[in-house]
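Below is one structure, written out as structure tokens; comments come after it.
Letters A, B, C and D name the chains as they come in the text, with residue numbers starting at 1 for each one.
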Amino acid sequence: MALGSGGDFLLTTVDSVARWAQSSSVWPLTMGLACCAIEMMTATAPEYDIARLGSEVFRASPRQADLMIVSGRVAQKMGPIVKRLYDQMADPKWVISMGACASSGGVFDNYAIVQGVDTIIPVDVYVPGCPPTPDGLLYAVNLIQQQIKQGGRGGILARA
Amino acid sequence: MTEARRVGVVYSFRSMSPYGPVAIYLAVAFLAALAFCLLPGLVARKKPNPVKSEAYECGVEPTSDVSGRFPVRFYLVAMLFVIFDVEAASFYPWAVQMHALRLFGLAEMLVFVIVLAIGYAYVWKRGGFQWR
Amino acid sequence: MTTAIPESSYSVDVVERSANRMVLSMGPQHPSTHGVLQIITEIEGEIVTKASPEIGYLHTGIEKSAENLFWSQASTVIERMDYLSPLTNALCYYLAVEKLLGIDGEIPPRAQQVRVLLCELSRIASHCVWLGTGGIDLGALTGFFYCFDLRERILDLFEASGGARMHPNYIRVGGLGRDLPSGFLEKLDGVIAMYGPRMRDVRRLLQKNPILQDRMIDVGIIAADDALAWSLTGPTLRATGIPYDVRRAFPYGGYEAYDFDVITRTEGDSYARFLVRLDEMEQSMRIVRQVRDALKPGPIAIDDTKVMPPPKETIALSMEALIHHFKIMTEGFRVPPGDVYQAVEGPRGELGYYVVSDGGNRPYRVRTRPPSLYNLQALKGLAPGNLIADLVVIIGSLDPVFGEVDR
Amino acid sequence: MPSSQTPPAGATALDPTAVRPDIADARIHRVPAAELRATLERLKGEGFGMLLDVGGADYPGRELARFDVVYHLLRIGRTATTLAEVGAPDRVRVLCAVGEADPVLPTVTDLWPSADWAEREVYDLFGVRFDGHPDLRRIQMPDDWQGYPLRKDYPLRGPALERTPRPSFALKSNVAAGTPASGKTAAALQRQIAQARGNSSFAPGSVPAAAATPAQLAQQPVNLKTEDTKS
């Protein structure tokens, strides 16, 4: 859509509105794997309350989720399934690799664990910890929101 | 003079046909629905990939073709829902004008509810609500 | 309508595609399977005609990793098996190792009391997660918030004592890593005081809730002999009327000093399991109160420096302490050869460790008897004949933890 | 964790089950493979209503057959409805050695249905087959997995990863090794401490006022967390 300068102004404001809307309601996918999933549930509990960030709606289907939180160790049998879920998520989508096991295999440097989920899907934010405290997860969702607002994927202009 | 005065007449809804607002309401609803359907198609980014177009079944390849026939129970549940949902929806116009309609409206609504209650009791006794 | 457990329903063989039968994968990523469980269900409309649970989606090779770590380091991976009550895993593993070392009689009383205290608290915390997520499966979201808030207070205790919320690595061979911090007992009194009113609210909210009763009563009935045949233990077995509790049958770690009741019911359905777990939390808090009164200052670890590294401050002062510390930290201690089976009453049932040592500084083999694996296996016989909605309730009532099922 | 390359120290016993100290955890029966089925049926007849667990172990070095399949049984009956009747049920451990050439044992799923998954797991992780098992296939590993992971000759990190070196974290981190810690944070921390101690005029780098000697500064405990929220 070739637009004059006026059009650009129009689109950039629409784009920034779209980015504001996307960043203030990043819906995660319900995919709890191991101990980090319990801390992810605790992040939705009253003490930490991920609802303040607009992410308390955990969508069961990848079609309606923007954010995949890989919360726990990814077994070899689960690897292709995580890849398939990521592919079936609608664009734009983001990935938080929660915990040491998801980020690098963690304490399980053995045959059964995928040594870092970034070997199968692109990851946006890594959360250290085993398991990370729910604060760590909230901070990670914050970073995702900043990523959306400051550019990169998201909005309507970016074709990435 | 009269020309000007007629031009200056304010176009008030009272002088419209009673169904004017309804028409406007339907038009706006239709346009909004149309916009919500078409806009994402135009503006949103499309990054198709073969896996994304496949059916989603909890993360695994779909095990069976969905073309199998659905048991009739599902249609029964759908029909019952539609009936009683429309019944609930038809309370609204009466509820808005409840005071204006006074006793006549109340009696009318009670008849309406009783008729449907008979149907409800019949379905309940025949076991329409049990899945077995 | 409940069917007896048909012997032939072990797994889904490819059935002829009758008109309205459909094979559906209630797959690894599903909101109500409490983890990565896949159930290949063959359904006719809403009724499940055959179900074959598939596990292994969280297989972490923990037993293989444990064979390549020192004796004291292996508890790091072992604690991550049952991540709802990690301390119970560590306690069971270390009791087994202490039996092999022959020092299970010399653990100081204060260490045993704190171990019992933390294990009972982790049982309550684990039941809180079960109650919260089980409530969500049936639409009771408020229960989730109440229970997880109580669990937060308990995790504060773990963090205060062990240093981490979930995997504190606080229990060591021969006792505890450190003594309890100074403000711990006041915090513990706070939790004990908060527990009563909080659980009264949760009970008022959920116990006589007509929706929950409708969904749970007469759903997933297990008869006593089926429970024994399927090797179910814990609340699942006690709900069928058999009062087998490892804390009573094979007292370990000082449990014989506390009195508590073994809760049983006879119906064996999901609601019976629900009530058994609820009342069990009361008994656990009763034990916590008794430990709280019995706690006396004293040594928290065995003073055999071959096994337990000496306290940090003594390292700079005495040569032997430095040598012992260095030896344990670089090479670990050795355990005499032999094998032992040690069982513990975990929140889900009898958690057993069959630990084999070949005399080296690493466990030769650590075989876990995971209660969740056997409790979950009952699903094969329970599922046929129920609605899919009932399947969700049955999975919730069996309370599986997949770190333990898949190891 | 010690790298899996450091050899285990002090491994003396090739068959630990033979030289075990007498720990009273279970009655132990060592049974040859031929009599396994008969022994388990006899034990079931004696009232061992629950098969607690079926586990595997691999002793490559011992002269007896290589794999050990361990059955734990509990004598508890259906009629045990009170604590007294349950009492302290006795526990039996049946050890059965089976060779590497033809690791096959009879199944017990018809005696205790709970053995179904346990036997599948022993097959999946050790390669011991159970004939008569209704559905013997892998349970933990993916169906197309090669090899039996819990065998002692199976590498810890799996055949694929074994050759790749363990990731040294210097490679993965994006900070070049040797970069000095950035000075900014240290100065900010000093300013915070000074602010917390009330002489907010303290400019970084300038000499602190004589009154607050370093010794006094050290005594005053500063909890940056609470100070932070207060100011």
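Heads up, the rule we're going with is that contacts are C-beta pairs under 8 Å (C-beta built on N, C-alpha and C of every residue); 3 or more make two chains touch, one makes a residue touch a chain.
Keep in mind it's a predicted model, so treat the numbers as computed, not measured.
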Quick one: which chains contact subunit B and subunit D both? A, C
Between subunit A and subunit D, tell me the centre distance in angstrom, where each centre is the average of that chain's C-alpha atoms. 30
Measure off the straight-line distance from the CA centroid of subunit B to the CA centroid of subunit C, and report it in whole Å. 49
Which integer distance in Å separates the CA centroid of subunit A from that of subunit C? 30
So what's the Cα centroid distance for subunit A and subunit B, whole Å? 35
Residues of subunit D that touch at least two other chains are 1, 140-142, 149, 154, 156
Overlap residues in subunit A, where contacts from two or more other chains coincide: 76-77, 81, 85, 107, 109-112
Two or more other chains in contact with one residue: find those residues in subunit B. 59-60
Work through the pairs of chains, note which ones touch, and then classify the graph as line, ring, star, complete or other. other
Chains grouped in pairs wherever the two touch, ordered by label: A-B, A-C, A-D, B-C, C-D
Complex contact set, residues of subunit A against subunit B: 61-63, 81-82, 84-85, 87-88, 90-92, 156, 158-159
Which part of subunit C faces subunit B closely enough to touch in the complex? 1, 17, 19-30, 38, 40, 44-47, 387
Taking the touch rule as given, give the residues of subunit D at its contact with subunit A in the complex, in rising order. 1, 140-142, 145, 149, 154-159, 161, 166-167, 172
Looking at the complex, which residues from subunit A come into contact with subunit D? 76-77, 104, 107, 109-112, 115
Subunit D-touching residues of subunit C, taken from the complex the two chains share: 5, 7, 10-11, 55-56, 59, 61, 63-65, 67-70, 73, 76, 99-100, 102, 224-225, 228-231, 241-244, 248-250, 262, 264, 331-332, 334, 336-342, 350, 352, 354, 356-362, 364-365, 367, 369, 373-374, 377, 380-381, 406-407
